[in-house]
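Both of the next two complexes hold chain A, though its partner changes from chain B to chain C.
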Partner chain A sequence: MSLHDLLIAPFSYEFMRRGLLSAALLSVSGGLLGCVLVLRRMALMGDALSHSLLPGIAAAWLLFGTSTVALFFGGLIAGLLTALGSALLSRLTRIKEDAAFGSLFIVFFGAGVALTSKLPTRLNLADFLFGNVLGVSAADLWLAAAVSGGTAAVFAVFYRSILLETFDPVFHRATGGRGGLVHMGFLTLTVLNLVAAMQTMGIVLALGLFLLPAVGAYLWCDRFVSMLLLSIGLALLGSVVGILLSFHAGLASGASIVLCLGLVFLVSALFSPRYGTVRFLWRGGAR
Partner chain B sequence: MDPSDQNIVLLRAATVRYGRLTALRDITLSIPCGSSTAILGRNGAGKSTLLRAVLGWQPLTSGEIRIGDAHPQHARPRMAYVPQRQAIDWDFPITVRGVVEQGRYPSLGLFRRMARTDDEQVERALDELGISDLAPRQIRMLSGGQQQRAFLARAIAQGGDIFLLDEPFAGLDLFAVEELAHILGNWEAQGRTVLAAVHDPAIARRCFTRGVLLDTGLVAEGPIADVLSPANIGRAYRREHCVHDGRAQPAAAGDAEA
Partner chain C sequence: MAGGRAVTRMKAVLAPAVFAFAACAALAGQGSPPPIRVVTLSTVLAEIAQEVGGREAEVVNLVRSGVDPHTFNPSPADIRTLIDADVVLASGLGLEGYLGRLVASIGPRGRVVAVGDALPAVLWIRRAGSGGEKDPHWWHSIDNMLFAADLVRAELTRARPESADVFGRNAMAYGRRLSALKAWAAAEIATLPPARRQLVTSHDAFGYFARDYGFAIHPINGLSTESEADAKHLAGLIDLVRREKIRAVFAESSANPRLVANLLDETGVRLGGTLYADGLGPAGSGAESYEAMYRHNVLAIVGALAGP
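Coming up: the complex of A and B.
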């Protein structure tokens, strides 16, 4: 197999070009969001949030069919209900936020699975959960472009607020920052990106595109801005290689992107010169 | 003219309630410019609430606070805040310079970039605290005292003349406590107004000239030696070992260790 067959030829197919473009767009926004998720210790909350989108998407499908816009808003509403609901529960009862999130998302996910079993068409639940790059429509691409551009713009404008709120929320608040607003804005962006990534990555695997490059970058960088940029770079790398792998090996696209990013993560965790496992053990467990 | 004339913090019948809980009751006091004042009291006596109210972050239920002749929210550029460091993630990808630069963020707003004058302010702050050499280091690569100095430098870089510190001595080793006491002494000598929540009366007696002793209400204020008279301490700390507030116990143990 020539290099051309390996790297270029796959993209003579329309669906491959669309899949690649969609994954690349979401790599930019996902790479950014992932850094904040990791640094704010919200990685598992992101996972819960992604599962909670399912009933919204299924309900939108039942009511409006396959319209991308309807699916988008269905997922968005379900995600925001989960985020807001658990925030309220944790303030108005003795339940802590992680338990509130854990309880709500599993109920939402259950409702989603129940709803999908009632869907009339030959809809495949697996496509929702794990993605199908074959199905990326022009509308999906526009959606990915809008969400990715919007996320990048928010990070550019509010960079300093995001950094302060992530690093030292008390100082941010004390200097007049709107911590609650930044937090809710951030949850909204996460839901938007999860929904936009649904077609290529699936809602369950989409988080991999956000988290894995960020954790990888976290192990290499000592500055916030370099972590953001490296995270985007790793996400792009993993997406391109993952899409090619899925084509040549006949794997599901979301899964193969996550596997490639997983390899990047594993290499970082083992061999990062300052924060890797090998170095840690080499120096007898001292940092 | 000397702008420090306005550097006076005034509280008139300031009261803060969270729901049915009164955190601060009817506090009237004034803090002279250029003084270093320790806010003392047991856990839950309202030390942090008082700091937050002065910052304009915690709205008052009733009463009034003025910074000079301005409302706290309008006086924010004059105030610099050093939060407790317990919640800081020392593995965060940020250097010492990155932390100190944050002091400039509030005055930059959303769209202005760091100008040369901002960079100079950062350099001066690093220099004043003697951590210019450490500027490129990631923050875990510092001792406890150096970490504290990085956060003090951030406050200096904010460019205010009133400094509010929340438990600055918590979690510091003996050497770092001496170092911080020395720095705060210098600040006072330079005419900076320092207002710090302090848990330990012994440290307060050594490092501050004035004191404010709280027990949700005001127990005493004035020169530190008078404020920390045995009678006042007895009144302010009498409920220290009471079990009415279960959360007070572990926190008290942690502070004692610090």
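Coming up: the complex of A and C.
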């Protein structure tokens, strides 16, 4: 197999180009967003949020068919209901936000599974949970471009607020920053990106594209800007290699992207010169 | 037996009255024993059971039109219906991946007949590789339908031997209609040059149809809707459509349309129409009966592939 067959030939097909482009676009916004999720310790919350999208998507499919716009709004509404609902529950009852989130998302996920079992047309649940690069439509690509561009723009405009709220929320709020608003903003952005990544990555695996590059980058960088840039770079690398792997090895696209990013994460965790396991053990566990 | 004697005595007394009543009831079409309860797991089998059983069978179909038979998930109410059935008809040959589990766990009162498994083995299509998996979509061959109708006749006769004649007549009439359909389909497809007999479909459901009429089949997904197509396979299919200049690609009534949409985008060929792969169409679709479904498929295929 020549280098051309290995790297170029797969992208002579429109559907492969679309899958790659959509993954690359979401690598940019996912890489940015993942850093904030990791630093604000919202990683598991993002995971829960991704599962809660299912009933919205299933209901949209039920009512409007496969239209990307309908699926997008379905997922968006379900995700925002979960985020807002748990924020409200944690303020109006004695349960904390993590418990509220954990409870709500599993109810939503259950409702989603129940709905998909009632759908009149065949809906491959696996396609939604784990993605299918073969099904990326032109509309999906436009959605990915809009969401990616929107996320990058939000980061550019509110960079200072994001930086402050991430590293020193007490100071940010004391100086008049709207902490709750920024928090909801992050959750909204996460939902938007998850929905956009659904077709390529699947809702369960999409978070891997956001989270894994960010934790990888966190192990190498000390400065926020370099962490953001490295995270985007790793996400892009993982997407390209993952999609090629999925083509040549006949693997599901989302899973092979996540596996490639997982390898990067594992290598970083072991061999990062300052924060890796090897370094840690070498120094006898003393930091 | 005391009861027997009592009945005999009563019979003697009531015989003329009973006879008169029975005659009236028979004329009114009532008074016959309750119908045989047949539960089917596909729309096609429901039609066969209804055609053969006539008024003596009460057919309940659990896997309705549009529901994927490969991944059907029976509800508790469905299971109650299954337990109460006299005869349960399944497509078999692995179409209902859940069938063995279902039968083992509920232990229905009646007989469970996997119609496909009971067909003569020479009629089965086995796919190369993957352990010689059998193609379960047997109803796309009318010859198989004739065998299936006879099987159902035998099952109903076993459940109610006294109605053997009725079932025999019904099966014969249904068989004549199926044979006429076969002749019609063969004549329609004969107009299509052999080089054009190439079927690109969502999943591998038309193997029997292809064998009967000399088509080559190129499915996007495998025998079950569960089997995933991978990118390389789709790429190969795109190359094939371009190379062989295949004119149309077919969607399936119950399949996820996105993959087909991408294939159309990529190759620029048109959608030849929607085929009914896994059963009959819903009410109002114009494909509610087997004959209508089959005509729809044949006309869609011939129309799309014969075009300029």
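The definition used in the following text is that the second predicted complex is superposed on the first by the 287 of 287 C-alpha atoms of A that agree within 3 Å, B and C clash if a C-alpha of one lies under 4 Å from a C-alpha of the other, contacts with A are read in each partner's own complex, and residues count from 1 in each chain.
We take it that contacts are C-beta pairs under 8 Å (C-beta built on N, C-alpha and C of every residue); 3 or more make two chains touch, one makes a residue touch a chain.
Given the structure is predicted, the values throughout are model-derived calculations rather than measurements.
In the overlaid three-chain picture, which partner chain does A:W282 touch, first (chain B) or second (chain C), both, or neither?
neither
Tell me the contact category for A:L251 with respect to chain B and chain C: first, second, both or neither.
The answer is second: A:L251 touches chain C but not chain B.
I'd like to know which partner A:R223 touches here: chain B for first, chain C for second, both or neither.
First partner only, chain B.
With the two structures laid over each other on chain A, which partner does A:F64 touch: chain B (first), chain C (second), both, or neither?
neither
So which bits of chain A does chain B touch that chain C touches too?
In chain A, nothing is touched by chain B and also by chain C.
State the interface residues of chain A toward chain C in the complex, per the touch definition above.
Those residues of chain A that touch chain C are 10, 13-16, 19, 66, 117, 120-124, 126-127, 132-138, 246-248, 250-253.
Where on chain B is chain A touching in the complex?
Chain B reaches chain A through residues 52, 55, 57, 73, 76, 81, 83-84, 87-89, 92-95, 98-99, 102, 105-106, 108, 110-111, 138, 140, 154, 158, 164.
For chain C, which residues are in contact with chain A within the complex?
Listed in rising order, the residues are 66-68, 71, 73, 225, 228-235, 238, 254-259, 261-262, 265-266.
Contact residues on chain A for chain B in the complex?
39, 157-158, 160-161, 163-164, 166-171, 173-177, 218, 221-224, 226-227, 287
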